[in-house]
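You will see two complexes here that share chain A, one where it goes with chain B and one where it goes with chain C.
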Partner chain A sequence: MGLLNRNILVPFSRVPLLGWFFGALVAVTLERLAGTPLAQVLGLQKIPVLFGLSVMLKNPVLIPNVILYTLLIYIVPMAVATRLSISLTNGIAASLFRFPMAITAAVHLALLYAILHLWAGISDYRVLVLRLTLIAVMLTLSLNVINGYMGEFSCSHPGFMALGAYCASVLTIGLFVDAQLVGVASLPPALGPFLFPVALILGGCVASIGALFVAIPSFRTRGDYLAIISLAFMFIVKSLIENLEFVRGPRGLSGQPDWADLPTVFLWTVLCVWSINNFTRSTIGKALNAVRDNEMAAEAMTVDTRRTKIVAFLFGAFWAGVAGGLFAHVMRYVNPGNFGIQNLAEVLAMVYFGGLNSVYGSIVGAVSISLLGEALRPLEIFKWIIIPLLLILVMIYRPTGLIAFRDLDVKNLLKPKQKPDTEA
Partner chain B sequence: MVIFLQNLVNALQWGSFYALIALGYSMVYSILMLFNFAHGDIFMVGSYIGFGVSMALIALASWGVVAVPNWLILVLTILFSMFLTSFVGMIVERVGYRPLRDAPRASAAITGLMIGIILETGNLALLGARRISFPSLIATTTYDVGGVFVTNKKIMIVLVSLLLALALHQFVRRTKWGMAIRAMAFDSAVVPLMGVPLNTMIALTFALGSALAAAAGILFGVAYPVLDPYMGILFGWKAFVAAILGGRGSVMGATLAGFLLGFTEIFVAMIFPSTLRDLIAYSIILLILTFRPHGFFGEPYSARLRL
Partner chain C sequence: MTLPFLQVRNMSHDFGGLRAVSDYNLEIGSGQIRGLIGPNGAGKTTVFNLITGIYKASEGEIFLDGRKIDGLPPHRIASLGVSRTFQNLLLWRHMTVLEHVKMGHYSKIRYGLIGAFFGTPGRHREEAEIEEKAVRLLDRMGIRHLADQVVLNLPYGAQRRVEMARALATEPRVLLLDEPTAGMNPEELVQIMEIIRRVHGEFGLSILLIEHRMKVVMELCERIQTLDFGAVIAEGSPEEIQNNPRVIDAYLGQERAV
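Now for the complex of A and B:
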């Protein structure tokens, strides 16, 4: 470990976030330019889509080639570019840091989007995986508000997601698509992309209203009984949709317009992360932690526990609803079966794998479980033995998840690292 | 009236599955204060073990090693499978719950869920995706009681499950082991200091619960002879609801609530279109829990300050 620190990590200890982004940008640009020829030279049919994991599982003979590809395209260029540009990126980061925080953050986000766009531009599959991963991040974060920050065990998230997905789909299909739900489209499709956010927000609001059914009983009970109430809510929503002929019951709703492209999903995810991060760092976010740790003590310390609980549920459900709406427009087909126990197990796994009470943790959990799920696809059903085993191991050795109880401090994250770290 | 009685018979049968599975949740809850979310899948595993055991016994009988009537095979199947499945329960406890005993309860719930997924997928990987039909060990005889049709299987299922619930009740009330379980449920911190082996007792509750789940699985196989790896999910969650509804850790409550859930589902399907079954059944549960948030036999919870 000491060797690793001295020889590998120390040269990179002064790299600011901007530097890592720069390195990643170099790597994805290189893949854009030289990926296909290199892949062919190495005997791979095309660029390995998810860092070659699925190729390695399908055809173990190619493992060295894939590792070589990953080294040549991602790791070496990224390391070199990051290391060489330390003074440059630190300088830029320092000058950016003098601007208001919003501008600094916007520049970083633009860079991040550029990286993702270039990376995903290689194939449609990457775009789809990336969009679903971003949606998973939103879902995980919104569940973390309730399960992590407030410490309830809520099982109703698929229900909230279903409400948002169906509400947004009904609005967009009903208003903009001919002969689907209510006959001829009443609004011109050109307006669509502008009204799409409205549909998503309305979907989120409907999910919030649904959340009242779980939030109000939570005044009088918590723990297992609340788990049951939320579980019952989930079954009720699923069953309700199955019985609504208006949205075609169990056959599902299809034909959503293709408006949830990568930039849209990325923007919504950023908005979600930003608002949830601010929410949890605000007074009411701290009140959530107080309610979790000791409800009675919190009440004695003038925390309005009822208001806190209801706000947390509405807020979490709102973002779950928005994520559901986006999900419906990414897949362009939803049916009630999408929002069942399976979905619940997945979201719970992401939250508890990544870590409770932490924005970092949710992002890490959602990204790693979704990418792992995609990468292990060649293993077919054994995927569902490996992922649960991994999660059990994480639970045994880190019961609160990988990165729990850590604040996402944007300022600290973006600051230049001019001086060497003296604390270590 | 005849329709009502007919549905009552069906509801009794349906409720006995829920009751037997709910008992397992309740037993574990009373000591560990957490729900074993893999329990629904232990029910599934029990059913498959029952299938294996009965096939083996039928094979033995057909070779003429032992000449036994079919009803005896069924009884032996139930007993053997209960015995074998109790080990599955103990293994689940050892692997998934013992390392997490001091961890937050939600983490243990997640491990339980994951073990459940592993059991399902493992079964799928081992036996393939085809459905297995449970051997029909006893011939169906139908009795016509004033227009109500009662089969011997239904009578047997209801009787066996009531008998098992009663046996568990007596075990918990009358034996030394049962007394230890009750004491542990009362205070699981002090009782181990009095010389009661904690790990053994917890393993015992898992074994008992799993044995009952195996019995439920075989009875289910007798009534509906098609087994598939995912059959435990829905039963597990619904029995979990019943266990909560009964009041946590209460043997009586879990049995009653299991039957109640069966009644609700069957009668909702009788009055309304059957697609509305889940919707109305869960709405009723939501209403019950809103007004009686601690179940029928549970302790009330209060975090509001009473000044």
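Now for the complex of A and C:
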């Protein structure tokens, strides 16, 4: 199996990231142009939204048709375009590489956004799933800072998310929507999109302040204290919101302005991944790993372990708060029930499925669990048997997750791929 | 006469009702190598843990270069220039050799959290400086070729060197070595002794050495202290210690009339 895999992948070993992006762009453009007619020819009513998984579950007779669709629209065009453009994309990647890193990265990100935009443009459902998936990436990565990089076990992420979501919602609804919350909108809606980032950042800061209440008592000593205190914190936040009539308690808060569109969520996700990757790759961030692997040795090597832990915990909470604020504005409705034990289980599953101590792992974990969760929706309750089963399998065969302990080196990722002989 | 560089005065420490170290005194001048020997459980590692601040002494004072350091948290003591190795190799198992050595610069980092989060130019410059220093140190310790290896995969002797390099990366003035030759074969033993000698010479360090192998202590140390049941029972030059009846008793057991 492994051998077969390698043989199939050999022609693609020299494809730079840019080449894969180009191939994906070709595939999504093709779907835009020829997706609907092809789907009809194949007897599917419309373009299968999530690679046809839900169609296959609903109507197993259509499985071959869906596979054929996926092959014709995604796999074959992507493979052909990627393979044929190798020297072209390598050339472009090489000339891009001569520019400052920021420009090279920006070009790649723009291309990635174009792919996502074209792919999601087919249906509103795809746009929603994509935005929620990006938010899941932020949540997973920020929890990975605490549970993976730092090796503690925190359960309070839904609580931080709730703090961020409610804080940002109260600000945007209160200031811009003619809502019941405070009476009349006090600021012109035109200012809204500019002040939205401020609301999100404030939401993140409130989550960080909440995190301080967990961090101060639990980082005095090592052990299971954090797990217990953070779990308690999550329930405290939930019941606090349920009992606050100001934010309409268990009925939830609705009417958030529709500012969290795809580009906004994409930009915040990029910012989150970038800053967390920066942090964890610096010597200050590597101190987290030192604290995790041996705290006494870290202290002996001049690392202020308590400060390190508190900073990382607050940083993780900040991004969870921002993700919560985005979540509230994507759903345009939040209630305390969103931020309970089920949400915690999902985020934890994404972290441990994808892989500890790894940006790649968090992205893979968040994307696969979110998409799987959506695709398996027709199975209803059985979804919650399949996903945990997968998690158990991963834990048995790869106890640290699919892609654990790997640094995301942007430079290495974007570089053109040389000929095999010079590379070795 | 100059003041001793590291001075411990009347230090005692209790674990519950057990007096692990009692009335311990130590004076190390700048650039001296001192040995600390004694049977298992004599309190040698406890002395290290007290000096480095991992335990807070029940009584007594510790001075480094005239400055009182007892009561400070361990990372402060370390950044003031007291570094150490551990008896059972406390390495960070998922980190590379280079990352170990870079960590020693933690307390001197100036770019702060903003630099860490946003990757400012200042941070890149400083990280490059740290890396350069770290590589130079690895070179001197003869483990440069292992820089990108995760320590988990290294043989024992190499791990000992990594730990020594990491301890030196904090740019210490006093180095506490806790059984640096434990578990080594005779060949590795010669190498590590050579390294200790070189480190002492090149870095001009004061060294306090816990060691079980008499050959090592006798060859390296100018003066030796012997601990038994937490108290110093003998102090002197290697020859004096070797012939001291109380030391022999402590190691071989007292002869008793049957």
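Odds and ends about this structure:
As a convention for this text, the second predicted complex is superposed on the first by the 412 of 424 C-alpha atoms of A that agree within 3 Å, B and C clash if a C-alpha of one lies under 4 Å from a C-alpha of the other, contacts with A are read in each partner's own complex, and residues count from 1 in each chain.
Keep this in mind: contacts are C-beta pairs under 8 Å (C-beta built on N, C-alpha and C of every residue); 3 or more make two chains touch, one makes a residue touch a chain.
If you're wondering where the values come from, they're calculated on a predicted model, not measured in any experiment.
In the superposition on chain A, A:Glu299 contacts both chain B and chain C.
When both complexes are overlaid on chain A, the residue A:Ala287 reaches chain C alone and has no touch with chain B. Looking at the shared chain after the overlay, A:Phe279 reaches chain C, while chain B stays out of its contact range. Once chain A of one complex is fitted onto chain A of the other, the partner contacts of A:Ser169 are absent, as it touches neither chain B nor chain C.
With both structures placed on the common chain, the touch criterion links A:Ser370 to neither chain B nor chain C.
Of the two partner chains, chain C is the only one touched by A:Phe405; chain B is not. Contacts of A:Ser156 after superposition: neither chain B nor chain C is touched. Of the two partner chains placed around the shared chain by superposition, neither chain B nor chain C is touched by A:Gln256. Looking at the superposed arrangement, the partner reaching more residues of chain A, out of chain B and chain C, is B.
Shared contact residues of chain A, touching chain B in one structure and chain C in the other: 296, 299-300, 305.
For chain B in complex with chain A, the touching residues are 29, 35, 95-96, 99-100, 103-111, 113-115, 117-118, 120-122, 124-125, 233, 237, 240-241, 244-245, 248, 275-279, 282-283, 285-286, 289-290, 293-295, 301, 303-305.
On the chain A side of its complex with chain B, the touching residues are 147, 153, 213, 216-217, 220-225, 227-229, 231-233, 235-236, 238-240, 242-243, 249, 295-296, 299-300, 305, 341, 345, 348-349, 352, 356, 381-382, 384-385, 388-389, 391-392, 395-396, 399-400.
Put simply, chain A touches chain C in their complex at residues 274-275, 278-279, 282-287, 289-290, 292-294, 296-305, 311, 315, 357, 405.
Only residues 52, 54, 73-75, 78-79, 83-84, 86, 90-95, 99, 102-107, 109, 111, 113, 115-119, 123, 127, 130, 166-167, 169-170 of chain C touch chain A when the two sit together in their complex.
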